[in-house]
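The same subunit A turns up in both complexes below, where it pairs with subunit B and then with subunit C.
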Partner chain A sequence: MPIREDVLVVGGGLAAATAALAARETGKSVRLVAHKKSTLRQASGLIDVLGYVDGDGPRANPYGAVADLPEDHPYGLVGEAGIREGLRIFDDAVGDAYAGGHTDANALVPTYGGTVKPTARYPESVAPGLASIDEDTLFVGFEGTTDFSAPVVAEHVVAAGVPFAARGVTVPFPKTFRDDARATRFAKALDEDEAADDGGGVRRALADAVAEHLTDEERVGFPAMLGDDRDAEVREELADRLGVSVFEVPTGPPSLLGLKLEDRLFAALDEAGVRLSTGNPAVGYEADGDRIEAVYVDRKGKNVPYHAEQFVLATGGLVGKGIGSDRERVTEPVFDCHVPHSEDRYEWSESEAFGGHAFARFGVVPDEELRPTAASGEPEFSNLRAAGGVVGGADVAREKSASGVSLATGAVAGGRAGEEA
Partner chain B sequence: MSDAENPSNPTPDEQTDFEPVQVFDDETEMDLRPGADNCYKCTSCDTSCPVAEVDDDFPGPKFQGPEQWRLKRKGDEDIDDSIMSCSNCMRCDNACPSSVPLSQMHNTARGEYVDEQMDKLSREYIRNRILSNYRIMAEIGSKVPRLTNFALNNSVVQKVNEKVLGITSERDFPEFAQQTFREWWHERGGARVSSEEKKIAYFHGCYSNYNTPEVAKALVRVFEVFGYEIAVPRQRCSGTPMFANGMLDDAERAAEVNVSEFSDLIDEGYDVIASCTSCSMSLRQEYPELFEFHGTAEVSAHTYEAMEYLRIHEDLEAEIENASVEEQSFAYHAPCHARNQGLEHQAVELFRELDGVNIEDVGDSCSGISGTYGWKDEKYDTSMKIGEEMFDHMEHAEGNVGMTECPTCSMQMEHGTGYDIKHPLQLLEEALV
Partner chain C sequence: MTETPSVLVIGGGSTGCGIVRDLAMRGLDVTLVEKGNLTHGTTGRMHGLLHSGGRYAVSDQPSARECIEENRVLRRIATHCVEMTGGLFVQRPEDDDEYFEEKLQGCRDCGIPAEVLSGEEAREMEPYLAKDVKRAIRVPDGAIDPFRLCVANAADAIDRGARVETHAEVVDVLVEDGEIVGVEVEHGEKDIGIGNGEPGTREKLYADYVVNATGAWAGQIGDMAGVEVAVRPSKGVMTIMNVRQVDTVVNRCRPKGDADIIVPHETTCILGTTDEEVEDPEDYPEEGWEVDLMIDTLSELVPMLSEARTIRSFWGVRPLYEPPGTGTVDPTDITRDFFLLDHGERDDLPGMASIVGGKLTTYRMMAEKISNHVCEKLGVEAECTTADVPLPGSEDFSVLREWMDEFGIRSPVGRRSAQRLGSRTDDVLGGWDGPNPVVCDCEAVTRAEIHDAIDHSGTDLNAVRIRTRSSMGNCQGAFCCHRMANELIHDHDELVVRDSLDELYQERWKGERHALWGEQLSQAMLKHMLHATTMNRDGDPAASDSNVDFAAFDAGETATAAAGTTGDDPDRAATDGGREGENADS
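Coming up: the complex of A and B.
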């Protein structure tokens, strides 16, 4: 007897996790099959729902902005109810670790590039740093971490028109590491309060180093590497010693906030009783007419069938490898679903880097049930739905809607799959 | 030439291929090649490397793989000696979103380093050679298990090992069983079930043969319950410890025997089953990456870990749901090499449904021993630092019996916590046989 479930979700990112949790809530048995780690590890850890529409923003209320999106946008299909459902599942899964659930409005979060970004949910460690809080701010960077320059962050944040003063300083981390030390190394040293170069604990030494620069600022922001397992404790101790509040600024890859979010989501899946098969890719399927019977998972050269009643495709976009492309064609590699694109490769992108590129919207075309459709407009399969980056029609990077689209489509696709299984 | 040829009366000429001072002259033709260009420097690999996390001097997988390769292609650079600090846990492979074949690059670089840069008379080389050819020690030791168990764990001998060979005296050598699995297998007259359709060839590896035959016996009994005909062909070490020590020639010799023996059986309709996740990893992934014997691809495609195989081909879940065992609690650790094959959740997932059992995953940290790594005097501290998180989680888990598929992880779990450690197959046996 082969491996069999009610619902099988293919993918391992935010969309897959949400779909699996939604399906599980219907009481059905659910398995998630993921190849590699998700792009959450590179992502900021922020949950953006909708910040800009066609370059216009930042929008204060994401729900209010949905009406201005083109009709074939995934949000148009799932509606406000779908977005709310996705956020509810997210809030349940991460618990106290994230803030933002108390309001419909977007929060404005300073990021490591110094932009101020509209986002719907943010890690609790980021909360004291919100741009809407009128408190003068000292940004602190560490020597040797090249991609976070505190003075530049401060300059940009001020230029964005925030209602407070901001300054940036760079201090040596009190324990010397190799030149290209990883964010995880800093986090671990703080977690364990390892010995600093001067012999004392690094937490105290870091607070001392920062205190020298602190004048009358009311809060201090560090790149998000203040501890891993004991992050709350690290922040609290720094805040106590400095006598001001302490927050984290989301970083680029590799992102500890993203890693922690991934851990939380997988713990939630495990608690919910979702079965997990990770490490091997789905490569094909077996169908009976328009019904998929099984997905083939390649385990180093051999195809193993995973049977189910209902399937959700959540393999991500071009970065997550859910959408593939070569010079001729754009494809969806697991089910070979139709992905519309111009014959002419030169029309895939605009000359402007931040223009409205066609490739950004590449993806399968969902019907109102989120079933990918063929060129004819008919569903490709009766029991396959799609969620997240693999779904076309949203320009998530420009709209600042990536996580929101994954949550909303994941919730709807997973929920329906569960109900029908 | 192998212990497996004549198991009840093993021939001692095994020692002919163990010559610690031999200088390799046959060049390995491998190259650190292609995948290097796929690296887009996202550093996902670095953040998942357990050695880099605790050892500030270790530059990490990105450097060991793609960067080192770029450097080498430009000039006449030597392989950086930090390659010997990589434990071959293969976590970086799994982390890379761009499928850069990191561990393959590391294995190749390590082979080249050992071949070309390492002094073959050095204590380190000799020690590594001995450690990676564990089976030969085991072969001799298991002839007189009581004496060997006594001698190896004698503190004077341990001190000598440490001083002369650089093998840490902190660890207790694993005990040799009074009777090897192969001796038992022949004594019982081999397979007791015969079947036309259901046939498996068991790759038991060294450890379950010499040290924990109860695991191998459990496998036999469980598969026989499901009606499988079992073959136990001649076999050598899977090569895992040799890859990790850059002894690619030794590994190649062992692999050649294994591939030839097992591919013959595959032709007769057998699938290859391993009870050790590093062994199945080696046959599945490392052989085709590093060697090109006839039959390598077939062996790779037909190799499975034991429980994985049953889950694919039998209704193991239903069997488990209908079974029960005496109340017991386990702290389960998924070995790195199980993770890499996508097997890290299966034991917990399955045994959760077994009446009487409470099983808890102790988290995703590496155990830190990584085969021979944690046996090296200079690596012992790193190994224990990596393991700390796992020990901590084990102590906080409800159970005080550990569970894992990997023999060296189980040594480390026992060493760090004092718990007894079981293999999932042993619990399956209890439930189903």
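Coming up: the complex of A and C.
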């Protein structure tokens, strides 16, 4: 019995999950094939929609900013309705775990680099720390963590002009780990309320250590390592003991907030009845004219065909390897879809580190149906759509639009694939 | 009763650092000024080859003899800067037999230990050599860390009373009564680097004798003094691989040519190089074809290089010089020997000598000869001892113990640290109080080592980088630039942290741009996403002139509900209660 579904989604990140959920809502059978862990573990866990246009921002209203984007931006194709549909699917999938859906306005979230950044949805644990909330803040870091320096974050946030006072202190974590223990180790100790070095529980010991430094501040921010499975409980206990609200500052990899989001998305896929095949890469396809019949997945050196009526390519951008390159050219490795790029690889980037790099916009060129097009402008295949980082034309890093582009293109590509299947 | 004679050395490369140490050891009052970091010019932009002399054994035998002599000296006095990898001169089928024999004979004539290996034996040593490699000559080439070497020389000089000023650019050479009496320097705007110059000020430094050891920049100092020093800067590209495809220095055994050497260096291999004359040592084109030439040509020796990952490329300029009238057209034919130009004898302007030409392997010997000259000019009688006294870090290199228990760090990390620090390991790691986490994962650099570097180089993270290798690995600083900067907060305010980070980040980007394809492009995008997206460093409101209207942004559900009841406030975007389809800003 060959594997056959109505819709096959290739990829395992935010765009793939959204596309699969959107396709499933049409009542069709959906399978998602994913290779490695997604790049969510490297992301902040925030859901940015649009914060800057061509360096101008931060913009409070992402929808207002969409109009200022170039026409060939993916948002231009899916429209405001597509963005809202993506956010709806996201909100349904994550439930209470994320906030921000009560307003169209962006939130400003303190980052572990000390800046604030505009975002549309944020984990519940991040909510009390928003920069627009006028509450004096104590940032707390741990002695062994090098990524997050509380004094740097506090001073930097103040330099950004936030409407509150902030201080940063560094405390020893009350249980001694290896000097460069990962965030996950701290989280586990708090989850389990492991014994601190002084014999009591780490949660109480941590609250005691922070209380010593707390003066008039109304909230305390930690790097995002306050528990994993029992994070709400950990925060609540710390807040109770300290008598102030407690929040997390999103961090870089390994990002617990990103990992938790990945878990939630996969739980939502499971709940929606999406079939999951993970651990093997998609390596090629079989087509009949301009129609894809099957995608080949490499299982221990053997090409296994996954048949479907409609396909969604959501393999990510350069980071997720949905877009590849060598010294000569830029490619899309699964279907070899056209990826526009200069022949001179020195034009792929700018000399300024934070310049408007062409490589940041590399990706397939979608038509209004989100089908990748060939250089001629015609769709590469009649039943292939693309979503997320593999789609070109958005400078998601500078715009702070990565998640939004994934959600919106995922919703539209998945939804249409489902309708047509 | 006479005062100690004073000497001013311009240039903080290997030659300048060697001279300042030598003169300090001879008891002179000596000051070194460098416009950037130590190794900022040519020294920091070389492929790190410790020559056996084999390279010059046919074309330039006097240089070859000096190389093998100094090779032995550096193995003794700079153990913690040297890795004795050994070297091969590899002959491909199309390479000339006669030249191979000449090379072998040349090595023997110059006292360079040389042994012929069959192709098979060579591949046994280096399995990734091309299958059709015919044979090879094995010589005692090695790898040397020019940063560590210069820092050790400067540190020793400082310990012996010398003054070393980095970020102090010479803006004038002071001439009084037909004699050079010193220089005027401008200290950098920011309080970075080592030395005690007041930032942003100019300072006149007088000395009994001035040594112009600025290499490719020697002509510019000459211009300030009104004498002509006709250096011929020649650029060369070097491409860094993300792993060591070879553990031995691999040279192509043919007369001369571009892209003919691979030097294993720490965790990487460095491919080199080209040789092309340029007008200006600071401003010359860095072109993609040069990188491609390295990869394509050296793939003939090590085929896997064509598909391998590079992490960045950089260019350096050689300070080539030949006496007037020689008329050599091709820069590869210009001698690698060094020249001491005594401006008193040559230009009737006493008080200064310029050093041009030369190469890193013989830096100490050059320093000795120049210091002899200076002492002779000043009437000082003191012996040179630099060939015998080990550099700091190399006094007792028996420190490669089991570091894990000793300092509470994992053993591979401790081993790497000990390799870099040599006999200073105990001081640096053992002297650290508090947790000592790894700051740079790629190169296994711990917080203690970062702070040791900061103590010696201030807030200049590029100087911290060259001392520690932090941010020089695969990720090119994606995961550690900000961590390095965070360590500055102990003694500096946040603005300093931010500026230092921005400077380091941009410097890392500069070279990485030349490696942007395949894995490294993927890595660069991840770095961009972390720093631009996750941290929002490119849209940082703190760095922008305009004020953010915080009230226009979401202040959370409770705040919104409260604000929503107070009526319409046009400045508040967050008051629509999340009703879909409404556009709060418009």
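Here are a few things to note about the model shown:
The rule we apply is simple: the second predicted complex is superposed on the first by the 421 of 421 C-alpha atoms of A that agree within 3 Å, B and C clash if a C-alpha of one lies under 4 Å from a C-alpha of the other, contacts with A are read in each partner's own complex, and residues count from 1 in each chain.
FYI, a contact is a pair of C-beta atoms (placed from the backbone, for glycine too) under 8 Å apart; a residue touches a chain by one contact, two chains touch by 3 or more.
Every value quoted in this text rests on a predicted model; they were computed, and no experiment measured them.
Applying the stated contact rule after C-alpha superposition, one finds that A:R275 touches subunit B and leaves subunit C untouched.
With both structures placed on the common chain, the touch criterion links A:P128 to subunit C but leaves subunit B unconnected. Contacts of A:P174 after superposition: neither subunit B nor subunit C is touched.
In the overlay built on the shared chain, the residue A:G11 is in contact with neither subunit B nor subunit C. When the shared chain is aligned, subunit B comes close enough to touch A:I3, but subunit C does not. When the two complexes are overlaid on their common chain A, residue A:P372 makes contact with neither subunit B nor subunit C. Once chain A of one complex is fitted onto chain A of the other, the partner contacts of A:G64 are limited to subunit C, with no touch recorded for subunit B.
Once chain A of one complex is fitted onto chain A of the other, the partner contacts of A:G221 are absent, as it touches neither subunit B nor subunit C. Judged by the touch definition given at the top, the superposed model places A:Q42 against both subunit B and subunit C. Comparing subunit B with subunit C, more residues of subunit A are touched by C. In the superposition on the C-alpha atoms of chain A, the part of subunit A touched by subunit B in one complex and by subunit C in the other spans residues 39, 42, 178, 180, 253, 319, 321. Those residues of subunit B that touch subunit A in the complex are listed here as 42-44, 46-48, 52-54, 56-57, 59-60, 94-97, 99, 284-285, 288, 297, 300-302, 308, 311-315, 318, 339-345, 349, 361. Contacts from subunit A toward subunit B in the complex involve residues 1-3, 36-37, 39, 41-42, 177-178, 180-185, 188, 253-254, 259, 270, 275-280, 299-302, 304, 319-321. Against subunit A, the residues of subunit C that register as touching in their complex are 288, 292, 295, 408-410, 434-439, 446-447, 479-480, 482-483, 485-487, 489, 493-495, 497-498, 505-506, 508-510, 513, 516-518, 521-522, 524-526, 528-542, 547-557, 559-560, 573-578, 580-586. If you check the complex, the residues on subunit A that touch subunit C are 39, 42-44, 48, 51-52, 55, 57-58, 60-61, 63-64, 84, 99-108, 111-118, 127-128, 130-134, 143-149, 151-152, 155-157, 159-163, 172, 178-180, 250-253, 317-319, 321, 324-327, 344-346, 348-349, 351-354, 357, 359-360, 396-398, 400, 402.
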